[in-house]
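Note that the chains are named A, B, C and D in the order they appear, and that numbering of residues resets to 1 at the start of each chain.
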């Protein structure tokens, strides 16, 4: 199967993720969508790595996962503290500061 | 000798400086200091005069170069003096009459606590006026020109607490400024035309410049003369100027300053000779003013305003003459000098009358004063006879020659201006007789003044009467002396370039003289009929339209008021509004716009993460699109 | 390298400012005297400069040159020509009077005397700071160096305008404060905007020079030299843009119609001495810069712009005078009068004749002195009555003759009465303009009539007539005040009667400027000077 | 068929007999600054774990200061050793570049960090709680604001000394960011310095809700942008088959062609390059806060603890612009004609919108935030010059700007009322009357922001505009000066407020800080004035450092 299709898939995933970020209110879900975008990137990396016939892409994919994990740690921590103090994880509630 | 020329100016200038900066400690002696310096200047004048007589006609002019004043490139203005016969005539007139009036003021201003300052101003005037007549270039003349303007401003407004005086002073200065505009432009024109504005080179080479240039310069000089000499259309200030103390009116607004315009025209004769159109303009102005002043003079009940009108009209004569070219110059000056004598005398007389009548100026409240102040009556009377041109008094000679010269112009112009001059003579006789009758003859019409006491007319002190006597003597004799063997004509000949003997076309001189006398008699008779035979009403009758208009200076002020004052106020007010709303509005508007823009754009910053994300997403899209587009093109 | 005289002249007031600011709060009088002495010292230095300056010598003298910011092609270059000497002299001369006149203007009101807040020290320190910056911008022969101080001087001026106003105010203290800060902000933003436009042009100039001369430079002398040697030949359109950039800034500073609206506010709201500082000293930098930089750097463009600029100047003259007539506020009246006068100065500069430009330079000096004399007297008057409205005055002449007298002389100088200094310069400007542009010259001459109107109307309304209620006890000038005004009046008369020393210094410099532009005086049609003399 | 080949090759590779692994060659000396800082961070973490609570504060400060100081010394040493110029090289198997710009920026970042430590450690501003001095960070980040847990923590006198290791990690990331020489390293560095900042933002002692909100916004948007960034990396990798700058650059310039026709469809496919490059740029522009990726700045700057804001505003910009420069000048020079117009647009939008939006701000921190956006625009103007002059001018501007910012925010921490820092402008009225010195200092910073001559701001502005003009970007310069005129308006507004309006009776008071903050402010002022009066030395420095190694 033509590897380019995998690229299309990754682009699709990326877009879905982005759309999610724009649409969803719940901070957790928004964050998941970001993760989805990262994974879309991973797919792209692997595909390209396959097409170029070198391993850089695949290694990068591993790095990405680690970074994602780290982001999860920090992100969840922040979101949870917010949830504790506001009893809501809706990003729209967090709009004290504006204009 | 040259060094004395500077001293002429220096003496009164020193006086002014000392008196104005000296402070109260000079209050006792100040006026004598001022008077003394005036006489000193007169003495210098006499010395120079005698010295001048010692030389022959062509080499009488003295020059003295003090220092280079404003040297910039081709523009070389020097402080340098030129004392020729014309200047000499003025120097003697100014210092002579000036000294007398200083003396007179000592008595007249006795009770004024600011007398020291008054004498300071008088000295300042003398200095400026002398500078005006001995300057050897137009820029320095301009300095004197404005200097006398300043002095007249200060003296008209001497009683500043009276709003009317302050207004009159301001008016005089501003109207004169309009004239100065003319003088400035004239000087600029000379500079661009001749590269200099010193009398010598400019007048010597006047003929080189084209007639159009000369006409332009001439008209500008005429404008200047109109301002200073109160000629139509800039005459309106002279009447109000009578707000000043009477000696001021006598010295500045009768004898000397107002004649500066005539001096300017005669001095610039070479320019006018080359510009006939300008000359015609001069004559027209003179003729119009001549009648204008005379008519106004007939209607005034205020003795000083009446004299002011007369002054205007007499100067009209001089200007008319000055427009006639070389033939007229000499008689213009001659009339100027004689007028200086008798008009100053008349004013001093009027002052003396007011002095005795609790400063009452309305002639309808005088009457029958001849018994109470004989000296005043006699001197005033002689001045009166002189001005109406009573045979063999000074006015007779000068005016008669003027009329002849006017007719001598020949052709239509000659007839017009000649007959105008004759008519003027008649009217002069009328209003002067009217003045004489209302003041010294008839029955008393005295009114109690504001604090209820009737005036006790009495003769004025010696300090006042002596000058009156001297001036009266002058007004009787001057003309006769000048005319003896035409010495005045010869005296001025090097300046005016006119020696008597050949009139352009043969004139019947006796006829003209006769008609002049007749006109005079007619005027006197008419006045006698109106004011001598029947009693003068103490309140002015309504009179016809002309009288009404004449009392209001022929509506000239009303016109000015509507056109200039009102119009100007509207203009400035609307400009202020415009400046605030439009010019400044644009600036504030820009600031407001930015602020508004900012306020509207802030709304995008709505605090919602997701909308931020949207704009980022959109931004990314734009970025990508733009990059691709850049590649595409 | 001898003693850096010019640097010293600029540095002394700067150091003086620091010292004055450092004076402890309660030692107010010390600060005042310190400031006064420093300004007098500066005057002495300026006098030495004037003496050491040789009118017939090189164009720029007493020059100093040190490397500063090589990357920007900026050098610390000072030098004086005749014009600079005259203006430095003016500045150094006026500051002592300004300080003496403002002696009590910054005494803190009772409730504000905290140990920290030291308005008095600040006031005088700022004045000295302004002096230092103005002086160095007159001395700078490096465009960038000039620009830096041209801009920087806005800040102290801004604090002087906004921080210190008239004690009493017809609208009350609250409103006064609001109007003050409005005026200050307007002043700063207006000039800053102009300066930033100029910054773009300055950068452009660098780009051009670095492009054509290999290395970018701001040194006026180098650029002039390069022009002369045809090494530097700026493209016409570029030159015009750069010229406009420079001129805009200077026209705001000058101020030229229609960029004038900041001046009435600034002068109206600030105290009289500061108003003098603005119009008599700081604004002169603008006109000076037109003469030195616009004409020197962009001759062709200057020629190209001349017609428009002359018209603007003409508008300023008439417009300023007319608005002066229409003012109700004494200080604003003087402000508009100044706008009219700046019109004359600009006109003289761009008339491109020796009379015009020498006249303009003299005009800068004379206008400085005459405005100082008049404005300071007005300040004394206002400080007595506590109102700036003409309507609140009348008959002052009766109760305070000396004040009225000095006021009148100042006024007569403002309407340039012959015999007083301003007449000489005004007439030169008019003649110089007329020689090349007769129509404009004639219209401008109308200005002398209008000047008479606004001055005499002001004098009549305030000084003559019956004494207004509330003025009966008005005290006449005190000794300090007389000492401030008398020398200025003496100068007005002296320079009016014998301006030659000044013209001798200025003329050669103007000659250089004209040759930069490549202009010659028009010759008279029938040269009569060969005639009998 | 083509796929067969690749599969085969892949398989054969896997089938290679496992030889011995040759350890990568690491130049520890050249990397020492980064290594020292990261080491300090790790020690800090250990200290958190093992050092008793009461002495932690001192220890952490010591570690941080020592670490940064040592790292700075190392940078100086490297620069002195000529690594800024002739000795410049690629280290760590091509992952890190050690060259002029890198060292210059690292030095700047480290100095900023040093000063930031002072502001972080300040404990005299807040009133004592339970007899203990407290700094500006929450006693316990995780505790609910106002909840029992927090009160307990405050009572117990807990302090979040973790901020120092976090700071150190962030700095470590920032040191790598401008030096990274392949996209992977760049990405890692980005995350390494972002994540600690997210956390730091959430730790304010006062106004915790806002602080947490700031953290959420910063985090979500940051993650969002880094996702784009990463996808951009992926595309570029697809384009060039490598992530090393040099490699990509070669492909862009066409010096390295796709050997295998099978790769033609990806290798050297400009669509990939352009889209990828754009996404990469977006990630960086987000960090520098350029329009339209700027909207996080005001909110985050306002919510975060002021010392953090100051550090962030200064250091993040330096690091991000460093990376941006390297990317544009090393990776995409061949693409100049494509990215320059785009960057022009971004620069103009950033300058104008930043300035205009700031005009109506009423909160000091938000005001400074928007002004930082405007300044990002000015710096971008220098970036677009695409000349060595451009590089050095940007470097100089960054150095000048970062200290002004740091100082300004430090001053903000001093003006306080009952509710902590009084950041609303109305409360600053008449500050000049109450405490002239502080007001004057702040005025100096504002004037520097406004670019008034004799301040560092003017020198910097002149430098970048000069570079832009010489790079042929005259319109950019004109718009630049116009927008700085607009910008001047609101800086002046603050000065008016401080000096010309009467102080309010209930207005805030200015706390007398300890030597720490005072030092920070003093440094800020000193740098501002020195760079304003005699910038030549530093301009030379930046000029020498203006060459990238490749």
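Here is the rule we use: contacts are C-beta pairs under 8 Å (C-beta built on N, C-alpha and C of every residue); 3 or more make two chains touch, one makes a residue touch a chain.
What you are looking at is a predicted structure, and each value in this text was computed from that prediction instead of being measured.
Q: Can you list every chain in contact with both chain A and chain D?
A: B
Q: Starting from the Cα centroid of chain A, hunt down the chain whose centroid lies farthest away.
A: Greatest centre separation from chain A goes to chain B.
Q: Which pairing of chains gives the most C-beta pairs in contact?
A: Looking across every pairing, the one with the most contacts is B-C.
Q: Would you mind pulling out the distance in Å between where the CA atoms of chain B average out and where those of chain D do?
A: So the centre of chain B lies 81 Å away from the centre of chain D.
Q: How many angstrom between the C-alpha centroids of chain C and chain A?
A: Computed value for the inter-centroid distance: 65 Å.
Q: If you average the Cα atoms of chain C and of chain D to get two centres, how far apart are those centres in Å?
A: 46
Q: Using CA atom averages as chain centres, what separation in Å is found between chain B and chain C?
A: 37
Q: Can you list the chain A residues in contact with two or more other chains?
A: 18, 21, 30, 91, 94-98
Q: Pull out every residue in chain C that's touching 2 or more other chains.
A: 189
Q: Touching two or more other chains, which residues of chain B qualify?
A: Correct list: 591, 602, 605, 607, 609, 613.
Q: So which chains end up touching which?
A: After working through each pair, the chains in contact turn out to be A-B, A-D, B-C, B-D, C-D.
Q: Give the list of chain D residues in touch with chain B in this complex.
A: Touching chain B: residues 216-217, 220-221, 224-225, 228, 270-271, 274-275, 277-279, 281-282, 286, 291-293, 295-296, 298-299, 337-339, 341-342, 345-346, 353, 356-360, 486, 489 of chain D.
Q: Using the touch definition up top, name the residues of chain A that touch chain B in the complex.
A: It comes out as residues 18, 21-23, 25, 30, 91-92, 94-99.
Q: Spell out the residues on chain D that touch chain C in their complex, using ranges where they run on.
A: Listed in rising order, the residues are 433-437, 447, 450, 452-454, 458-459, 462-463, 465-466, 469-470, 474, 477-478, 480-482, 484-485, 488-489, 492-493, 496, 499-502, 534-536, 539-540, 543.
Q: Which bits of chain B are touching chain A when the two form their complex?
A: 602-603, 605-610, 613-614, 617
Q: Could you pull out which chain D residues touch chain A in their complex?
A: Spelled out, the residues of chain D in touch with chain A are 3, 6, 9-10, 141-142, 144-145, 147, 184, 187-188, 191, 195, 198-199, 202, 208-210, 212-217, 219-220, 223-224, 227-228, 230-231, 233-235, 237-238, 241-243, 260, 263, 265-267, 298-299, 302-303, 366.
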